[in-house]
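Scrolling down, you'll hit the structures one after another.
Look for chain A in each of the two complexes below; its partner is chain B in the first and chain C in the second.
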Partner chain A sequence: MVAQPKSASFLFSGSAIFVTRKPVQHDSQGSPSRGSVPAIEASGLVRRFGHVEALAHVSLSIRQGEFFSLLGPSGCGKTTLLRLIAGLDLPDAGTLRIGGVDVAEIPAHLRPVNTVFQSYALFPHLTVRENVAFGLRMKKVPPAQIAERVARVLALVQVTGLEDRRPAQLSGGQKQRVALARAVVNEPQVLLLDEPLGALDLKLRKQLQVELHQLQRRLGITFIHVTHDQDEALVMSDRIAVMNDGRIEQVDRAEVIYERPRTRFTAQFIGSCNLIQGRVTADDGQTVSIESPMGPLRIPRPPADPEPRNLMPQGGAEPLAKPRCQETRRLSPGFAVAAAIRPEKIGLTRAGECPSESCVNARIEGLVYSGAETQYRLRVGGQTLTAVVLNAARHEPFHPGETVICSLPETALVLLDD
Partner chain B sequence: MNRRSWTLNLAAAVLYAFLYAPIVVVIVYSFNSARFGGAWTGFTTEWYRTLLSNSTALAAAKNTLLLGVFSTVISTVLGTLLAFGLSRYQFPGRGLFARLLFVPVFIPDVVLAVALLLTYSLVRSWTGFLELGLGTMILAHVTFQIPFVAIVVRSRLAGLDSSLEEAARDLGASEWRTFRHVTLPLILPGVLAGAMLAFTLSLDDFVVSFFTSGPGSTTLPILIYSSVKRGITPDINALSTFIILASIGGTVLVALLQHLRAPGSRR
Partner chain C sequence: MTETPPNPARGFLFGQRLSRTGHWVRSAFFSGPAVLWLTFLLLVPLLLIVGISFMTRGEYGGVEFPLTLDSYKRLAGFGELGFDNLYPLILLRSLALGAGTAALCLLAALPLAFFIARLPGWWRHVGLTLVVVPFWTNLLIRTYAWQILLAPESGLARLAHSLGFVAAGEPLYPGVFAVMLGMVCDFLPFMTLPLYASVEKIDWTLAEAAADLGADRCSVFRHALLPQITPGLVAGLVLVFLPATGQFVIPDLLGGAKTAMLGNVIQQQFASSRDWPFGAAISTAALLLVTAGMWIYLRRGSKEESPL
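And then the complex of A and B:
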């Protein structure tokens, strides 16, 4: 009697998961059934400005209710992609679906998305209240309902008592909140945020990172957040797309992006990373052995991804990213490869035991003490490595010129694609 | 005060005397009781009284106002749309069109006037329309006002952050409603400054009006010109004083409107 409803709900939730994994289903009217559809589906998007390709064949699928970040240096095409989604710019090629609907013919003002602009773009001639009410007024929502919804959303973003002020009379943080309220009040399917915290000071930025994240959880709206700040992306996002030069380098959860970068660019743009060049000596499908300036290293291939890759376009026309060498190809001996290891994953000890599979002697060339941790510059086999050690007083600090044992744990090494 | 600023001040005083002395003379002599000649014979406001009972002058004043108001309204709407189109839409020849805007500003009035007169008489000989009169004068004034309005409004549009218009569209405003609710309120000081400039130009115009006017459409500048041919009379001085005051008022308004910052940046 007790077990039955339990198993029923289990079945139900199981089938719900199954539904979310199915490809887009269209009902007889041709409109996609909601819930099963990605919030955003881009395939082969190209945008050129003169001879520059701001977006070079970008394909991407963003799930409903996801906090998704587009991360990359300025000029990588992230803002261009956001503007294409908003409809403020049009692609030269490729298709874009929002909630399963092809938006090629839908102008910006009819798309179910709203944007928080980098400069906030609050209307200077309107009060805070009028700014927030603007979208609802355009949709001809009855005035009583507008007043109620505006008040509710201003309370949500914690801006109350400022309703009759003009944007020029607000602080940076207040403007940011009003800009957020002005977008959120329309209950869009997707909220686009273009470097929303870029103009704020560090302390306020940290606070608003947390608030934005909580707001997204509470509203359940898909957030697409553009940033060049890797910390911000790691803190807030469910998934991150790392962009460079108009292309997507990698799409994954924050910890996978950080722990298992696939390209040199991702490895070095997010956090700091040591690159080790080497040549393959053996590949048994599980572990790749390489010969490097640090001596022989064994690098395990990553475990199979528990999630579906989310990289095949609907209809499966072409793979959306180049194949990952970790998973697909066996590497032939002599093949030149690069491996990455994060500075904090490198272990340093004084003579004696080796705490991991591969250890080499290293000479300390220099150090930077920064309170909680110390950064060491190491000379190993003709190459320089950076190691970061927490100052937890487990041993005396190392000194420049000292020779130490440097351990490179197998699991911390990542084979890069390029 | 040191020596250098003393000479500078003197130079400035001479310059301003050069600029404004004639104007002051006209205003002062509009209060001179002497009917003929330049001798000051005493203060009077009689000329203003005769002016106000002079039906020709009043008719001319009415024509001037009608001409100014109608031409300003038309040229402000057209000039604003022109400026908006030139600064917000991409089309082939956009740069050329923007440059062509300045040509009528530099063409001598008398050349423009002759060209307009010729055009109107050609159109009239083909269609029978465009009889010279207040109608052709309005048309002619609109022609020279549009570039001025468009140039003033365009500079205001150039200073407008385009992300504001994008934000409006993003929030569900169509192109027209974006213009109506965001662009227009923000460029309104520029539009009004352009309108005041256009009105002042119309008020002061003699050459174009003279060429394109017809019977019964005499304006104040034309009236003054034809009266002066019979000798300068004190009531003409009074009339001139009125026009000077109206022009100064217009100029001050233009300056005030152009220096208005974006609404919202002040309380």
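And then the complex of A and C:
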């Protein structure tokens, strides 16, 4: 027996414009607490276009009230997944539940989700007010109530005074807000956003990122946000699913995705990353020692995945990801592995100031100065590394050709799956 | 390096600051032929027709003074022999024929346009060509072909009888059915082509957006697709309704020449009856009626389309 998910309708009842939602409760891992039923539960979703598998066995569980991002390069299947949830496309295999209800037989117009389209898809022949009222009109909500709710939601997204304009008379940012209002006014269980900020300039995008995040907190609706912009995903999301080639590479909180990428793809797609190839010399279960072109390195294993449930479908039919070498499997000596370290985690000091035990000598081959920070290209052993140092005036800038001491903190090193 | 000489053609057409006279000369050169053509072959004859409609029929079929409104009175039914609804009926019948043809063409062309627009690449051209192919045959030949196809002994007529579509003894041809069939076949391309041009440009994400917002199939069509194809729809309706109203060959050949149409009557007045003023009056009245109708329709439509 599944409990029906809370609808967001209480937001619009009573005299208060928006009853402030209880602050999102974070559990020990910092994620919003789980409702009894996941907002979205996909298992084994497959969608083929001709011979191409746009989605290859995707399973995913998204919690109630979560700001969830699907992040990946174009063609990775993220938009296809969104369209399957919206009902605008149908899966070739697999099941999809929204709020615990199997939606296989439910057409798009009856699903409790609304979409903000990448192109906004505002009706050009209708005014802003009529556009926002469209969904309520389709649901035969009484006109007086429609007017009230439309006015409220337009105020919420800060579009007032434009009610009688048509989409052609709006700027990009205004269209974006109207598209958002048109979806939110229906009080969906889940709001789907397909690259909503893609067409806007950088400054407006930054501003709307923050606004979207706040709006989601205020409404408490589950947001699923598709983007190829890693910054956008990191800034706004509670959790991120990194997708590549029709598969989910990793699902986790933003900081875990960034700090502890599991795969080579995730490490390189999110931010920039140094990859160090090496061979295992010893593995005691806690720490893996490897021999690399820049000398021996010791990489501590991360604590076991705090939420392995993330990766398990509710029925527990099949594990969603193969066991990771990061977690349990002992690695035998001689095994080829790759380790990753972020450029800003690499410490650079002048000779004689080595701060930790794993220091190596490096030669500076080049640098790029960009105001707040400087990016150095280093030669260490047979390996080229990139290091980013904040220009905080702690020391004189390094010069090309200079030999420096480069430290790789153990905790910043991550073992990748290949 | 050699200097490229200025392109004379380009210098003549663009990028040249013309004097006032030069501007006039150029305008006259390019638009003069069309203006002359329209003036002497359309505007002047039209004014002549309007003028003649107020004159009197001469003894031997000529046109004479004094100016009078007699022709219009006769058309409205108030002739010398008291009230007769013959001509108002003909006028109404013709308008009904035009409207009926336009409506049936719309019903047939709408699915056809969507079907062709969603065909894969090359097949779209095949579809459009097939729509236009009937034009390659003369209208009279096509119409006579329908006579043969719908004749009582033909397979089509027998099939219709045996399936019970038509009561025994009722012929398929001549009759209203045959007329409408011939009219729709003749005018279908005029509806299909403008409609297709609109359907092809439809932004389907609007349909998805409508469905996403809770619109069922009918509402998606009504609210997301119909507004997008309105321009093609109006163009098609005008293109079919106007000529269909004046069409008389098809009603004559497939209707059994029993019912007079606007076209026949006008032709009769100018030819066999030699009553030019009356023929001119019918033409003028029909022109005014149709223009007024169109004007009202389009004005209403454009109001809905918003004053942007």
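Assume the second predicted complex is superposed on the first by the 377 of 418 C-alpha atoms of A that agree within 3 Å, B and C clash if a C-alpha of one lies under 4 Å from a C-alpha of the other, contacts with A are read in each partner's own complex, and residues count from 1 in each chain.
In this text, a residue touches a chain if its C-beta (ideal position, glycine included) is under 8 Å from a C-beta of that chain, and two chains touch if they have at least 3 such contacts.
Keep in mind that this is a model prediction, so the values were computed, not measured.
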Overlay on chain A: chain C relative to chain B, clash or fit: clash
Partner chain in contact with A:V368 - chain B first, chain C second, else both or neither: neither
Which superposed partner A:V52 touches (first chain B, second chain C, both, neither): neither
Contacts of A:P167 with chain B and chain C, given as first, second, both or neither: first
Doubly contacted chain A residues - partners chain C and chain B: 86-88, 107-110, 113-115, 117, 119, 121-125, 134-135, 138-139, 166, 168-169, 182-183, 186
Contact footprint of chain A on chain B as seen in their complex: 161, 163-164, 166-174, 177-178, 181-182, 185-186, 262-267
Complex interface listing, chain A residues touching chain C: 86-88, 107-110, 113-115, 117, 119, 121-125, 134-135, 138-139, 166, 168-169, 182-183, 186
Chain B partner contacts - residues on chain A that touch it in the complex: 86-88, 107-110, 113-115, 117-119, 121-126, 134-135, 138-139, 166-169, 182-183, 186
Contacting residues of chain C [partner chain A, same complex]: 203, 205-206, 208-216, 219-220, 223-224, 227, 305-306, 308
